[in-house]
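The following pair of complexes shares a single chain, chain A, combined with chain B in the former and chain C in the latter.
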Partner chain A sequence: MTFDILMQAFALVFRLDVMAIILASAAFGMFVGAMPGLTATMATALLVPVTFFLDPVPALGAIVTATAMAIFAGDIPAAIMRMPGTPASAAYTDESYAMARKGQLDLNLGVNLTTSVLGGLIGVVILVLCAPVLAEFALAFSSFEYFWLAALGLTCAVFLATDNPLKGFVSLLLGLAIGTIGIDPAAGFPRFTFGSVELMQGVSFIPAMIGMFAISEILRGATAINAPSEMITQAIGNVFRGVGSTLRKYWVNFFRGSAIGVVIGALPGAGADIAAWISFAVSKRFSKEPEKFGTGHVEGIVDAGAANNSALAAAWIPALVFGIPGDSITAIVIGVLYMKGMNPGPTVFLQNPQLIYAVFIIFVLANLLMLPLGWAAIKSARQVLRVPQNVLIPMILIFCIVGSYAMTNSYYGILIMLIMGVFAFLLEQNGFPIAPIILGLVLGEMFEQNFMTSMIKADGSFLAFFARPIAAILGISTLAIWALMIWRVGIAKQPAPAQ
Partner chain B sequence: MTIITRRTLLASAAAGAAASHLSAPALAQSYPSRPITLVVPWGAGGGTDATARIVGSILERDLKQPVNVVNRTGGSGVVGHSAIATAPPDGYTIGMITVEITMMHWQGLTQLNPESYTPLALMNEDPPGVQVSSSSPYQTVKQLADFIKANPGKLKASGTGQGGIWHLALVGWLGAMGLPASAVPWVPSNGAAPAMQDLAAGGVDIVTCSVPEAKAMLDAGRARSLAIMAPARNPQFPNVPTLNESLGINFSVGAWRGIAAPKDLPQPIVDQLTAALKKAYESKEFQDFMANRGFGIKWAEPAGFARFMAEGNAAMGVAMRAAGLARSA
Partner chain C sequence: MRVNDIVSGTILIAAAAAMIAYTRTFPSFPGQHYGPDLFPRILGVLLIIFGGLLVVRGLRARVAGAPLVSAPEWATRASGLVSVGLVLGVILAFVLFQNVIGFIPLGIVSLVGLFLWFGVKPLQAGLIGVASILIIHWFFSSLMRVPLPRGLLDPFL
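Now for the complex of A and B:
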């Protein structure tokens, strides 16, 4: 019976036209992911009109393949040019770039590629085996649980700040403050918009991210344009050299990152980008050599590179079982599922099991295909390094402009990118890290909205934040972590008391 | 962009009338001579986006020019709606406007109202339903209504942001039963899907979104739809009674979507686009798509659409003032 269905599913996948579509969407996904500002979500949205004319299996296969490739491909420009191709790479952009500057670009991209492939496969296996159970868990999350999750996420900022926790904290607050611009998520009232229609949409996250990473780096490059080029010069070596020993050394990190990715991805309110942030912070917290983080250390990249790809597959769990999107990609996928008559819900596994199994097979294929295609993408992207800097920098600027425009479909995105770029440049010149700002922008709205809605639900009672079992566990852990951090600061201060 | 427009205009002027200034028929003859932008004020993946994309792809075939769907999101719909209203009225920027255009200006979010557009075609309307979790004790909307009357303020409802259409549906329903808005406090959400998830997670008690938006949770057996706020049952969901059937009150409201252009679009282009939209509306693809998603369909030509919006606008003004959602002018 099951075997029959599996055979049918294989017959649906291994056809010339389906294979051609998968290959084409893989190339498309690689391109979109590597372009800063063009995200995996946008790749999906662009594929939707195409899926109108396709059968269900190639239609979903195209989306599965393109998004898996895009999430990996976002790592390439992050390492080479400090310009994350998608938000899912933002958490470890600085680390990757630092590795590249140390001459470890090959190792970095090799590890990124391998952990993406393996992390993606783990996500698929969990999706196939545990979808109903995990969906049930994810469905139990209400605003109280999401509030604590956001609080835990913001706590990560402390671990991300490398040398000066105080400056890291200031950066986080700046990010949260910028996040309050726009329409208040609870009361629906405009804040800090000064009557401007554009500001009502808030500071768009992706243009801001491009500006803060790439523009500030361009500015730094421009101030040192006459200095001897410190561009990474290294022979085009074997991308996979050293990957095996890295994975053997950090196999715990790999499985931990994949597990965090699966759980966060399956939660409807959080996706691959938040999974990468949290797993990176966890990696540093439990590392034996946390002092190496920020200097181009591969350890956190193993965690986060696996986490964002495993989150991608896990986001399909609530989408398939309950029609609740696990991230912005699956929000679009649900529409496609309806259009193809595969209405999401527990019945999707009963009505057309061969279609769902075919999608699972494509998931596995897409992740395997990522290995050769990713290798080819890395090889071709490396040619960028041979371009002289005075040609490369204007080209990067053009990509930044195009990407920012594409996000908001207006000049507003470009303006945001430029302003945030100059702002980030000045901050970094004065020793303020920018990663916590981005984290504040990512989590600020989630934090605020879930706090406000929880307070409305609880008629203003704080005890409700501990009334539900999962919320209580998350809440107590968060408070315990905070207490521990304050206690440690207190201990550290004692020998040299503050003036 | 200005240069292209001018060149197009000059070309059509030369080909058309001998007059030195451009005449409308000449413009219509060459229209459309370049790609058309279809602005969507809501995010990719939602119901409005999906509807706009299917309409766009059918229009594209008919008008023989690419129709680019562009999402201008944010600001609770204000950003996209103003992008449509402020574009040049040349037929190359049109947009999908939604029920919020009759609501936002009462809230003081924008000056824009239905008068700011050239209406082209109404395509869809969905009434809200009253959904509860499958683990809740209420089997009928009457039981639910009786509990609300006996315990005002106890139950919480969600479905969209503060002052959104589904919030107003709740307030209108409570008002029709003679209850104040505070009888069921509103919990703002980012839309119907997160609200339905919160319903299943036990975070809220009632969700007043449209029944198609609740479909996945209903099919999964996690929620029950007790009633719809419409004059008649939805053929896609024949088991859900109307409010009138179960409570004897006549309250109906709906979220609608239509295509509009900036104000003062020349009449020949209006006629051409309306004809193309009518064809799209009647096409098998559109009808199948809307039926698949469970979306309601509703057609009105420019004059009818304008009347429909004017009536809705006035009704919303009354309802929002009553609910305390309108900004006192």
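Now for the complex of A and C:
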């Protein structure tokens, strides 16, 4: 049985067209990740209009491959130009640059590449082992469990992913509120549509996301297009020299980083960038030589380089099993899954196990491909990084416009993109995080549906929300985090620092 | 534009109040205690509470001397404002005129215009602009079968 499914999955993946798409998205991911200012989330957002026209397996394969490459490629400009290619590399950008200044550019890039590949593989192994087991477990879940799970996920997103929980919560509520536009999930009444037929289906998700992640980024880039940067001029030699001995010396760091990455990634709402920050901090805290941190020391890079790639795969665990995104990339993936008619949740594992296994296979492939492609990216980094921002930004803008248009085949998609882009830009300028809005928008309908079903079942008795054992555990955990947050806001009486 | 939390909090409270008021127009169904207005109302109440907290925080910052509205660095430069205006203008132009003018002409004008403003050399800007629009058009229109508007070029395509 399992063997059959595995064979089907292999047949889905090992086809010429799928392989070609994976290779192309790998190159695309490397490029986007290596360009400072373009993030892995943005790579996903730009890919979605294309994946819309593909079959499920190549569509998911493109996203998996592009993001895995982008998270690694972000390390390259961090070391060469002191500019993280993606936020996931920001935690150790200064450390990497300091290493490069000391003449250890080769070692830095080699360690980054190797820990990315191995950390990514650990994340995939955990994903493959945990997801099916959890899915079986989740089959018994009712609306109460899903309600608390979504509540817990949304709470974690705010609690972990932002340094300003108050503004994070506001962003989340705004996302949920935007999600209420359209036909309501319980009674089928059109809400806040103001007579527009297009709004009945809700705010079109992909254009909204392109607006929030790409247009706001383009606006920011356009305001700082001629910002100077300094490239390290040191030639790149054999990047693998000394990597083996470094890993032998810091193998504990490698496994600790990967483990932290898996846990943070699997927690709903927090992804690769948070994993890198936390594992880097843990590395420094437990290091035998913490005084070396900041002077170009490789130890923390082993931790964080592994953590951000292992988080990427682990973020798919809650996304596939519960339909609750582990980070902003999987939030987009969930949107794609719905478009493909593969509603994420435990039943996908029963109905379409071959698709799930195909995704697993692509994950392994992508991480293996990262070694040669990453090496090639490092070797050609100097040429790639010379692509001027003033050519790139207008091109991405046109691509966003066409992509949004393609989602609705009308100007409506472009309009949604414009409105959400300006909205996100203004919010970000004022310190409101964007990721919780997307999570609210994606989870809104499921959250409300489970809430309404539970309310109707409980008929006003709030104790029913805690009557089932797993629901009770999830519910109490959620309430405990809320209490902790209120307490933190309560004791932090001093005015917020000016932004 | 950066505004003090008093302003953002007040806008939030107003928007949430409007949302709650609007839910009063939603129908209720006989025998159903919980209708389509319940969830938006809960969100509205929470937004008002958090908006109030933002106002309190903003007032504290104001007492400590923070300005009510401050312009970020790019907004103080004319070039920064023009850059943002151009990007938004191009998107708006596509919303308003793409059906009449068509993707290819509008795309070329927008792309070359942005290149020139951002300081790409004219010859380079023209070549890259025309080539990329044609490639994007081919990719989406022929390969992905997206009906990109032909506009002025309708008789020729």
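Assume the second predicted complex is superposed on the first by the 276 of 499 C-alpha atoms of A that agree within 3 Å, B and C clash if a C-alpha of one lies under 4 Å from a C-alpha of the other, contacts with A are read in each partner's own complex, and residues count from 1 in each chain.
Rule of thumb we're sticking to: a residue touches a chain if its C-beta (ideal position, glycine included) is under 8 Å from a C-beta of that chain, and two chains touch if they have at least 3 such contacts.
Nothing here was measured: the structure is a model prediction, and the numbers come from that model.
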- Message: For A:Leu415, using the defined touch cut-off, is the partner it touches chain B, chain C, both, or neither? Pick first, second, both or neither.
- Response: second
- After lining up the shared chain so the two structures overlap, which partner does A:Ala187 touch, if you call chain B first and chain C second: first, second, both or neither? both
- Message: After the superposition on A, what does A:Asn390 contact: first (chain B), second (chain C), both or neither?
- Response: second
- Message: In the overlaid three-chain picture, which partner chain does A:Pro325 touch, first (chain B) or second (chain C), both, or neither?
- Response: first
- Message: Quick check for you: in the superposed arrangement, does A:Ile356 touch first (chain B), second (chain C), both or neither?
- Response: neither
- Message: Output check: A:Ile456 vs chain B and chain C. Expected answer is one of first, second, both, neither. What do you get?
- Response: both
- Examine A:Phe141 and indicate which partner it touches, taking first as chain B and second as chain C; both and neither are also allowed. first
- Would you please give the residues of chain A that touch chain B in one complex and also touch chain C in the other complex? 186-187, 409, 452, 456
- Task: Give every residue of chain B touching chain A within the complex, in rising order.
- Result: 43-46, 49-50, 53-54, 56-57, 69-76, 78-79, 82-83, 107, 109-110, 156, 158, 161-164, 185-190, 193-194, 196-198, 200-204, 215-217, 219-222, 285, 289, 292-293
- Note on the structure: The residues of chain A that touch chain B in their complex are 41-42, 44-45, 48-49, 52, 139-145, 182-183, 185-188, 190, 197-198, 200-202, 204, 268-269, 318, 321-325, 328, 331-332, 334-335, 338-339, 341, 343-347, 408-410, 449, 452-453, 456-457, 468
- Query: Given the complex with chain A, which residues does chain C contribute to the contact?
  - Reply: 1-3, 5, 8, 12, 19, 22-23, 26-27, 29, 32-36, 38-40, 43-44, 46-47, 50-51, 53-54, 57, 60-61, 63-64, 66, 72, 74, 80, 83-84, 86-88, 90-92, 94-96, 98-99, 103, 107, 110-111, 114-115, 118-120, 128, 132-133, 136, 140, 144-148
- Note on the structure: Residue set of chain A touching chain C in the complex reads 50, 53, 166-167, 169-170, 173-174, 176-177, 180, 184, 186-187, 189, 191-192, 215, 218-219, 222-226, 388-391, 393-395, 397-399, 401-402, 405-406, 409, 411, 414-415, 417-418, 421-422, 426, 429-430, 432, 448, 451-452, 455-456, 459-460, 489, 495-496, 498-499
